[in-house]
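Chain naming follows the written order as A, B, C, D and E, and within any one chain the residues start at number 1.
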Amino acid sequence: MSGNGSANYWQIFKNGLFGENPVFRLALSLCPAVAVTSGVKNGFLMGVAVLFVMVMVNATVSLIRNFINPKVRIPSYMFIIATWVTVTDLVMAAYQRAVYKEMGLYIMLIVAFAIVLSRAEVFASRNKLLPSIVDGAGMGVGFLLALVLIGVFREFLGKGSLWGMQILSMNGKPLKPLLIMILPTGGFFAMGLLMGFLNWIDRRFFGGTGASGGGH
Amino acid sequence: MQEASVKAHATFSGGVHPPENKDLTAHKPAVRAGLPKRAVIPISQHIGAPSKPLVVVGQEVKTGEKIADSGGFVSAPVHASVSGKVVAIGNFPHPLGMDVTSIVIESDGKDEWFPGIKETRDYNLLGPEELRKMVQEAGIVGMGGATFPTHVKLSPPKEKPIDVVILNGAECEPYLTSDHRLMLDRSSEIIEGLKIIMKILGVKKGYVGIESNKPDAVEAMKKAAAGSPEIQVWALKVKYPQGAEKMLIKVITGRTVPAGGLPMDVGVVVQNVGTAAAVYDAVRYGRPLIERYVTVTGRGVKEPKNFIARIGMPFSQLLEEAGGLTDSAAKVIAGGPMMGMSQYTLDVPVIKGTSGITVLSKSEASVKPYGPCIRCARCIDACPMKLQPSIIGVFIEKGHFEDAKDYNVLDCFECGSCTFVCPANRPIVQWVKRAKKELLKKKN
Amino acid sequence: MEAAAQKEQQKSPTQLIVSIGPHVHATESTAAIMWSVSGALLPATLMSVYYFGMSAVMIIAVSILTAVLSEAAVQKILKKQVTVSDGSAFLTGLLVALNVPSGIPLYIPAIGSFVAIVITKQLFGGLGFNIFNPALIGRAFILISFPKLMTTYYEPLTSAFGMDGKTTATPLGILKEEGMARLLEIFHTKAALYQHLFVGNRAGSLGETSIAALLLGAIFLLLKRYITWHIPVSFIATTALLTWVFGGKEGLMTGDPLLHVLSGGLVLGAFYMATDYVTGPSVRSAQIIFGVACGALTALIRLKGGYPEGVMFAILIMNCFAPLLDRRVRSKVFGKVEAKGVKK
Amino acid sequence: MWEHVFTVFIASALINNFVFTRYLGLCIFFGVTKRMETAVGMSFTFTAVMMIGVALNWLIYNYVMVPLGIAFLKIVIFIGVIAGFVQAADTIMKKVTPALYYKLGIYLALITTNCIILAVPLEMAGEHMGLIDSLTLALGSGAGFSLALIIMASIRERLDLADVPKSFQGLPIAFVLTGLIALAFLGFSGMVTL
Amino acid sequence: MKDLLRITLSLVVIFVAAGVIMGGTYKVTSPAKFYAEKKEKEEALKEMAPEATDPIRPAGTWESHEKPYEYYVATSGNKPVAYIASTAGKGYSSFVKMLVSLDTNFIIRGIKVLSHGETPGLGDQILEPGFLEQFKGKSLNQIVLIKGETKENIQAISGATISSRAVTNGVRDAVKMLVDKYGAGVAATAKEGVR
């Protein structure tokens, strides 16, 4: 992973969006990508939650990076992550009742997302505050965009709606092109097909290897 | 006898029924082929160490004279099959593929026999040792195709006592009828040969296994064996590869040769009927192995025939005697279509293991492209060794040799049944051969 | 062809063909098999047309066309050799058609065939490599996507043309929702019920209704050795046994196995779909395990599941396990003391 | 009672299989199913850690956190407990049974960042489950996950031999495959109601 | 040694800081959450009986599927205007939890589904008004699920019969319970139509 402290913030940010998109490229923290994307809205809110956590964690870590002893590095990071996730969880639970009912569990599970820890470890722990925040933001936004993309794909095909607004309809009744897309099965299909498609584009037009990573 | 032939109907599981096409030559008595003008005699016509030439270019030799001596215990001497002059010693094409050092004798057409050869009327006074020596000196090797030096088979290690000898007259290969004709012409010699082999091995039980599609041969052999209760002649179900020794032993003795093991592990020695006849000739008349029955057949030859041909006879000359090739001739095979080797030149000679020359026409020989395995399991049902050729094939195709080994590819004896039945035309035997090479490479 | 082998070919002065043996082949071919299986389905297909008329014709045509065209298209895109002539895509399309109810909008079987060929078969490497039964995945896909339409069955037509049949529940559906009593109300006697099921004059997916026609084809396949008894027999027997033991309202052993065997997709599934070479185990003993498991799952889903029919899911679930079976259960090699253990 | 336990087990193993119906544990699921050995190794390790982790967390949750009214710290505490326990297991195994450690040790590290390992305790806390139920859930989830891993591994090993289109090799086809398995497992749906 | 001290020190600091952050958040959010929940519940109940002037309080609990559920009597000036019960029905993959409200003649006024875990797209069709509206104005012995056209009774959603049945059964149980408790008069009619 490219994590040098070069002050070119746009580079760092973009890297999270495309070069090392957490979901499609690094293939990290895949669960939520499938789990909460049956609708655009949930995907978006999940993305925001992750974005918030990543920015805060990166910031915290880079702030105290010289202060933490390497021996207890990882545990401390995990503790920091857990802290910010708890904050997010509590806030969501209080002010986003409806959404929280559906995806509360996944919000809490952000704590297990390898992507957060790996950025803290790979980037924040070696960079100054600002770059770290930008990196967190980049990764977070990349994650968010991925979720939204999958969400659009699934909700549109599955419910014929976007962000809960019915778009397709046939003589008054809502038209649901492919119900299956909002079921677990459909989630996996969506991921697989999108990944394959992006790989294809990458190979075809950018001469990339078109390989998606794997595992955590 | 009676219950024997009844029992004979039990058979091994697996196997296939390729069209026999034996009627092309089955009814034609073997005729003596002319002498080879230039006999090309490879110094290795057997499994094991090549033999060492004893002659030099220019030297005169007589028919039956030893021209190359054993290169070790697992080896066999080679004899001149015609009288004449050694004109060359060098690499020449060999029916088994690669070029091999061969001794070329230009025939003087007189066919004068080597004086050193003498008969032994009262050979049954001789002991096992002397008999074995005679077999070895005569350069006899397995004539069923395996060409394994016979005297080696006849000297089993102490810890593997032999109690049964089986003569293999199955001739399950399509087209071939040389063993068939041999059994009709020389039944009593074959039985005598069997008795000699049994004596050498000190065995009390002998069998002759013959596929029941040769009733006349079964009759002839039964008649010849009538006087000898220790010998039984069995009619076997017609199914390829009935002649494979493991299958033969299973059917006749009910014994199962352990995977990777040899017949002697279950106290059995299997010899081809031709081998037995050769043994008799060697012991009774002191004749070395310089000629054999050869079936020249297939839609690609004008007059399919059974020949008695000298070793070293070039395919081209023998084919001429069979009227030559038809225009449709497309593939020339040393041996039968199932296990035989297709040839790229007609200069190759008849050797000790050449039971036939099969010439296929274009329509028969066209090589169809192969498709993916559809897992239909026909090959699994067909495999007499009960392997899973389908999976083995896919593994090798993708270069996973170790996995193929894990699926026992090494137990495959390349009978080709799987490849024969495969609806996707998959060249499994070819792959198996490659896998064996690769695995061997890895081993050393 | 082997590079090496070709090298040999060049060595050849005369035009002799050189190849590794065996030099003769059985006349069987992949295409022949696939087309024969399609042929074996002809009786069932004709019956479906007889019972469900024009709608059946259209559905069958559309499914097959979509299947074949998608296969050709994908192979073109992937720059592979186009092999639609081998008949496997045709067969898949036909089976998709036989697995959907009559009167369904044509785009649904079309989607089914597309998913079957593109996602289930070609994405996984095409003929011989797919893990799941394409036709059944196609069916499952559209079943979940259009549950209403896919579970709306029509009475067979009395007049062979026009679509005036009225919708109804299928025998299994009724059995599940209302019970045996209701079935007897409709058909009066059990004999009449069985007879209707056997000739196929009942609601259901196109190809599954006429048991007689299906068996006719099945016998042909068995005689020609295109399929063996192992999977179908163990499959059907298990379902029959379990539905007999547990299927009854009044305690054990009061179920009606015959009804369960005759209704639903069981016969079609057991003889034509569970037998798919590619997606099942190939060692015979493993095939029996496969069949028994399919039967057990079918009974389980029919009796306990949220669905009237379980054949499709049973087969699909076992498709998941086929590679595992292939791994664990191997043919017993001639002369091997005990079949060699699996590599761990 | 036992019937209930059985139901919970089946439900968590098959019907609500974590991977196929709840999309959890994917990272590991895709990570270790390239080969059968790793899949099997992970199955054992995972189920064991799962059982013990849930037991510990159940005790701590019901006898420490609830009384102290700090249930809202469950995320921090649960992950702490699991991470700590895994660390301990790691060191202990290395000392006590090095053999086993070299077989399974590698997987321990991975497990800490696995969703399921955390999801089950959280669920247990959220639904105020009893000890028996919690352990059954843990066992069921472990079994379900193991089943998923082993099926997937056996299929992917066969997939190695297939010529999958380039762009789809690796993860994409694995996802589609998982989707198909999930589709098949829908057959179990509706069998029990929790 | 010194090293160890630094480690512990740093950890302690982190813990404290984190503790403060989380504790603080909790302080702020937990009341908010509490009120939000309370409000949700009250609004739900209010929806069931808009004209009730007095706050709606639990009148007792009853058992359904081995779980306790509450029931309420909505009053305006101590005069009952509606009977409300929370109830549940066994569905395809979950229990469908609902609120049912009856007028004083034990005719259904409305249904509200509080939560369910049925299959999206199939089971969750029970949320569609078209289905729930059917219950309005029906009395106990009319609450029977029919597969096929019906005005008199409750028509099942095809493709979701099981979920439909969950709702119907849940409602019927609740209505029966309320009738038994409060409707001495109408109780007679309640005998049949019970599964």
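As a working rule, a contact is a pair of C-beta atoms (placed from the backbone, for glycine too) under 8 Å apart; a residue touches a chain by one contact, two chains touch by 3 or more.
All of these numbers come straight from a predicted model, not from anything done at the bench.
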Farthest chain relative to chain B (centres taken as mean CA coordinates): E
Per-chain Cα centre nearest the global Cα centre, belonging to chain: C
Comparison of A-C and B-D (more C-beta pairs in contact): A-C
Approximate Å spacing (C-alpha centroids) for the pair chain C, chain E: 44
Euclidean distance of C-alpha centroids - chain B vs chain C, Å: 47
Computed distance of Cα centres, chain E from chain A, in Å: 34
Inter-chain centre distance, chain B versus chain E - centres from mean C-alpha coordinates, in Å: 87
Residue list for chain A, restricted to those that touch at least two other chains: 79, 83, 86, 90, 179-180, 183, 185, 189
Where chain E touches two or more other chains at once, by residue number: 18, 22, 26, 30, 92-93, 119, 121-122, 162
Multi-partner residues of chain D (each touching 2 or more other chains): 72-73, 76, 161, 165, 168, 173, 176-177, 180, 183, 186, 189-190
Contact pairs between chains, per stated definition: A-C, A-D, A-E, B-C, B-D, C-D, C-E, D-E
Residues on chain D engaged by chain C in the complex (per definition of touch): 36-37, 150-151, 154-155, 157-159, 161-165, 168, 173, 176-177, 180-181, 183-191
Touching residues (chain side chain A, partner chain E) in the complex: 38, 64, 67-69, 71-72, 76, 79-80, 83, 86-87, 90-91, 93-95, 97, 101, 158-159, 176, 179, 182-183
Parts of chain C lying in touch with chain A, wherever the complex brings them together: 111, 119, 141, 144-147
Contact footprint of chain A on chain E as seen in their complex: 3, 6-7, 10-11, 14-15, 18, 21-22, 25-26, 29-30, 32-33, 36-37, 40, 115, 119-122
In the complex with chain C, residue positions of chain E that touch it: 92-93, 121-122, 147, 158-162
